[in-house]
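Report on the structure given below.
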Amino acid sequence: GRGGSSGSNASSGTHGSKSSNQGSKAKIAIVTRDFSNPYWAALRDGAVAEGKAQGVTVTVKAGANETDSQGENAQIQTLAGQDYNCFGVVPVNATNVITPLVPVARKKIPILDLDTQIDPEASKKAGVSYASFIGSDNLSAGEQAGQELLKAMGGKGDVAVLQGIAGEQNGINRLNGFKKVTAGKLTIVAAQPANYDQNLGLTVTTSILQAHPNITGIFSANDTMALGAAQAVKNAGKEGKIKIVSVDGIQAMLSSIKAGKNTGTMTQYPYVEGQMAVQACIDKVAGKSIPSRVVAPIAFINAANVDKAISNFPKPFTPFDDPFGTPKSSSK
Amino acid sequence: MNTDVDLTKPVAQDVLLEARGLSKSFDAVQALRHADLVLERGKVTALLGDNGAGKSTLVRCLTGVHPPDTGTIAINGKAVHFATPDESRRAGIETVYQTLSLIDDLPVWQNLFLRRELTRGAGPLRILDKKAMRTQAKEILTELDVNIPSVASTVRRMSGGQRQSIAIARAAHWGKQLVVMDEPTAALGVRETAAVESLVRRLRDRGVTVLLISHDMSQVKRIADVAVVLRRGTTVARREVDSVTPDDLVALITGAQPGDAGE
Amino acid sequence: MGEAVARYAAPIALVALFVVFFIATPKFLTTSNMTALFVSAAILVVMSMGQQLVITVAGIDLSVGSNLPWAATVIGWTWTHGWGTPAAIAAGILAGLVVGLVNGLLVARLKMADFIVTLGSLSVVSGLTLLLTGGNQTAVSSGFLQGLALNGIGPIRWFWLVAVVVAAIAAYLLFWTRTGTYLLSTGGNLEAARDVGIPVNRVRLLAYAGSGLACGIAGVLFVSNNGGSDPTMQTNLLLSSIAAVVLGGSSLSGGRASILGTAAGAVLLQTLLNGFTLLDISQYYQPIAVGVVVLGAAFISRFQR
Amino acid sequence: MGEAVARYAAPIALVALFVVFFIATPKFLTTSNMTALFVSAAILVVMSMGQQLVITVAGIDLSVGSNLPWAATVIGWTWTHGWGTPAAIAAGILAGLVVGLVNGLLVARLKMADFIVTLGSLSVVSGLTLLLTGGNQTAVSSGFLQGLALNGIGPIRWFWLVAVVVAAIAAYLLFWTRTGTYLLSTGGNLEAARDVGIPVNRVRLLAYAGSGLACGIAGVLFVSNNGGSDPTMQTNLLLSSIAAVVLGGSSLSGGRASILGTAAGAVLLQTLLNGFTLLDISQYYQPIAVGVVVLGAAFISRFQR
Amino acid sequence: MNTDVDLTKPVAQDVLLEARGLSKSFDAVQALRHADLVLERGKVTALLGDNGAGKSTLVRCLTGVHPPDTGTIAINGKAVHFATPDESRRAGIETVYQTLSLIDDLPVWQNLFLRRELTRGAGPLRILDKKAMRTQAKEILTELDVNIPSVASTVRRMSGGQRQSIAIARAAHWGKQLVVMDEPTAALGVRETAAVESLVRRLRDRGVTVLLISHDMSQVKRIADVAVVLRRGTTVARREVDSVTPDDLVALITGAQPGDAGE
């Protein structure tokens, strides 16, 4: 066992030495989509930092871009041939990682499904199972973001929606959640793709403002597009008049909220997801049981709490339920 | 223009190719204006004219590279419309264009057998018979006395004369009915020119008709039977070579002598 | 000798890279890693063979970036609509072929510029892909397709076999048939090829059709490896497929082809990814390292022509 | 006449598109929308001018896809490190230029293939960009840069001025100077150009340097418009910049250039984005519509040569 | 090989260019083997040889296109090393290469002024003086009697003869010291050939030295003063043209007559 650290709020300082004494030591491989998206970079940073703190090997790899399913598969296939004894995977889509994970599953190496749900049926057919799902609920993130935007807009008005890359599932879920709670209250006058690209977010929003000058709100499927949208709103001289809410909680967004350009973001703490993944692996390798589904914390950040969020970044600023006993002390 | 001249009537009983009233314009430039050409079977006809007179354009109309704007072409008395050079080739016409039509990155032997590749085997598994082509290529070139390092080298860096020799060898080898040569000896050395001239004679002896574009009057005198003169896109004269001097031909080309159709 | 080095630049660079990675880490030259490496290289090899045909005729096929997902999505759609695995595979390959044929018709018959035609169809086809499934992924849990990705005959994996067979067919086509001579001639000198009677339009159409077909086959491998289809464009595979061909020694101006070179180029690009993953090179240094190796291979081949 | 239509394919297609959008929605042809459209087109126009120079010499510059973010990131980094606006702008432009110079040296002096060199540097430079700021965006709240994006002289916006000036310089360089003749000659026939004594290496170097410089300038506009830098590669701008040049009537085999055409091509691509957004065309139909318009423009220009 | 012949010594007092022992190989092909060439100032020297004898390669070594593998080149007695054609041009050598070196997509006038553009204004704002170049281009072509639709049209679609005329006009116009012409009349018509020959005479009258590659012995007799014969990359003979017959020259080229240096 890993001593008394499990399920407790023990501080992080001692984890390294303790865990290094045990017999079966975790060697963790985590594969995500790409690193030029700050969201996945944060997940990586969380995992690496936790690995260092716990004194275990953590390798984090990624594909070339948000939709590089082939690149991600190649990374998994490469790592599967090595002696890692726990895998954490953020799939590009619901199925792309199943086949390369089959050899991992056959070797009975535990696999964590991170951030995005992998198709359970297809996995079952392929004989792949997951020790745990650790991720945020994008549908509920969209719902909460919708509620916050509704609040900020005073319960009514016209909104524009910025969509992510066509076919990308997290974005679709976020939008579905958003639509669910705002239906009948907000009118979506435009829904346009900006491919998770800041510059495209700016260009598309600029055009939307031409077509629909009366909108009072924008919902963006992620932060990078929302940053572009905020700039477009600013350029159009409508700063403050149009509320912009998005999902992710990347650092640049926090600064933008503080500067009053963006209204708020549903932060998903990918950093914590990364930490939890490492903790879950350590527990699993140590032979302990871990919960099959862990929903990472989400919180809404706006002008009211942005300072707190910035000072705690990348860790959560509110207490949350951590089944692995994240060292909350460090964030205090 | 007086069209009531013998140019418009068949000149001999045995006509292989008869082109009448060919015109062709490229944007502003009218390259051919009602040009006529009659080729007698088994004879060597020289096509003469200044630079830009339209000789190459006429050839390209005959062989299907450009469709003529107006005019008719008949072979063995039957009207033909070649839409592509491939069709004219299948009708037995081989051409050495002024641009030589060689593929720089292919070896000599492959250029010689272009569109006439030898194959072994049957059906979809038919493969190129490289060995046979290489051997035959060597023979073809030896016959023409061409000075080439190796049939396996690509033609990219070959000298102007070497390239021209390859193109001529190709046309001469495959031509069964009519061989058209657009300035075939322009880049050739003395020895190579003599070889090509004797090749033309051999073609004629085999019964192949030859259309030869040349700027060299002594060459025309040596090997051609009939000379046709083009001036600014129009056929202005047709002469039995034996009946004229080189100076007469030059005068017809430059316009010092008016020609039959007038201008 | 300089000429020979230039000609085999990609294989030489590949061997050099193997030696470097072998020295750098014992994990590289292991059976399991080599298996993984060649399996993941198979899709790119297949796509590059199609790209090679198009580049041989002095064209370029950008549409592969969406043709692969399109073929994969057609497989996914037909499979989820109950067509059964063989029919779904056939449909996917056919879908890729159709895109290639349309490209070929536009380029060859309508004489439109290659780059723009295939850029246009890159866009159109990606739209069609999204429409087909409403932007959703489809899961294909066919045992056959999964087996294709995971199994083989003895130590030889099916993916390698597919890649090798496709490469062998491309080599046979290019260097042992009349059609191959016509492909090389059309790319080398379009006017000369036309003048000697080569049906250049049909030849160019064939090259694009071949590229489409290769995308269809790659689509099958993609579904097999990804457990389904993903409608998003694969711009990196598009650039990589062209890069593999150019690294392999073919010039974008056409007329020359090297199947060995192209295959080596594709494997080279995949080896970089594999090796850097094993060495755990920081993700910021990784693009730098990839770029440097690509430049290095280009440096070896610079003496060509 | 067919010739003239082909020559002005991009401007003609642009006008046609304007008419279509004008009929389709009253929101299109308004002062404010036109202002917004041309402001957002400015970055692509500037980048395309650089690409035009490279394509004129029969090259291709893929590195623009990471050179733009690189230049922008250098501006962001220097600015946040207290260099002050003028120095930061100068640093950004210089950073873009340096990438162009390195490309040019590799292509011209070391005789490496354009596609591979710039593909390599696309990768290397994107790595450098990530390294510089650890992958983070930087915010630049310089009043001057903000004003550049928002203000102008009377109704004329600074962004347009920058784009027009860059295009005018490119046109002047290409068609009114010796250097321009050398650029066209080098692209038209490298060996002939060398034989008549044109310093082809220096000319090619210059073209790549020009493209790098254009990326630097575009980087300034990018930071100004986005209020900061974003280190992610801009593959869409890369493909668009080449597409603009090809739509404009220049062939990738070099030797011909049209500044009016390229500018029209760039604005055309931006107009599509703008118009489809105004019309709120669905995410799935948009790529189809873009592709069809691109193919249409290519169809008009097919009679060229 | 007997090198103790007069080929290796200066032939005349007034030597413009002296090349000694030039060798050049391309991979397997040795194009030049210790070739020598001496050009007397103000004379027309003809360079003769079979196809592939190495004539063009010799010219390209002289003008800096290829650096020779071995050998020395001296102009006016001073050793020179041209690394690029530009350097040889600046030394007053103009060349018509066999490939003509025209830029297809540029108009005729721009091709004529390539690397010699006329400009107006000063400093970085210097712009091309298109009008002056167009006007002068017309004059230059009129002088040579070239039949060309317009100086404003591009050379892409021009006939073989038209292209060659443009290339020759360019070299003749700019050549101050030495004009090298590699088979300049190969594609030319009778009238155009005569014009080029008279142009060569005019160049000589202006004191310009001319090196002329030609396969036409009657042409050599008409305009050259000295003939140098190359055989398989080696200089085998040098003759005053007046002292030999065309048949002698042909015999030297083909090897029927052994030449001075033996073989």
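Here are some notes:
In order of appearance the chains are A, B, C, D and E, and numbering begins at 1 in each one.
As a convention for this text, contacts are C-beta pairs under 8 Å (C-beta built on N, C-alpha and C of every residue); 3 or more make two chains touch, one makes a residue touch a chain.
Chain labels with UniProt names: B, E = Sugar ABC transporter ATP-binding protein; C, D = ABC transporter permease.
This structure is a prediction, so every number in the text was calculated from the model and none was measured.
Taking the definition of touch as given, a chain qualifies here only if it contacts chain A and chain D alike; those chains are C.
Taking the mean of C-alpha positions as each chain's centre, the chain lying farthest from the centre of chain E is A. Farthest from chain B in terms of Cα centroid separation is A.
Set side by side, A-C and D-E show the greater C-beta contact count at A-C.
Mean C-alpha position of chain B lies 44 Å from that of chain C. Averaging Cα coordinates per chain places chain B and chain E 29 Å apart.
Chain C and chain E have Cα centroids lying 49 Å from one another.
Residue positions 130, 135, 283-284, 286-287 of chain D are each in touch with at least two other chains. Residue positions 35, 65, 166 of chain A each touch two or more of the other chains.
The residues of chain E never reach two or more other chains; the list is empty.
By the definition given earlier, chain contacts exist for A-C, A-D, B-C, B-E, C-D, D-E. Residues of chain A that touch chain C in their complex: 35, 44, 59, 61-62, 64-65, 67-71, 73-75, 77-82, 92-100, 102-103, 119, 121-122, 125-126, 165-169, 172. Residues of chain D touching chain C in their complex: 60, 62, 106, 110-113, 115-117, 119-128, 130-131, 134-135, 235, 239, 242-243, 246-247, 251-253, 283-292, 294-295, 297-299, 301-302.
Listing the residues of chain A that touch chain D in their complex gives 35-38, 41, 65, 163, 166, 189-193, 195, 197-200, 202-204, 206-211, 224, 227-228, 231, 234-235, 251-252, 255-256, 259. The residues of chain C lying in touch with chain A in their complex are 27, 30, 32-33, 35-37, 39-40, 43, 126, 130, 135-137, 139-141, 143, 146, 149-150, 222, 224-228, 230-237, 270, 273-274, 277-278, 280, 283-284.
Those residues of chain B that touch chain C in the complex are listed here as 65, 84-86, 88-90, 95, 97, 99-106, 110, 114-115, 117, 119, 126-128.
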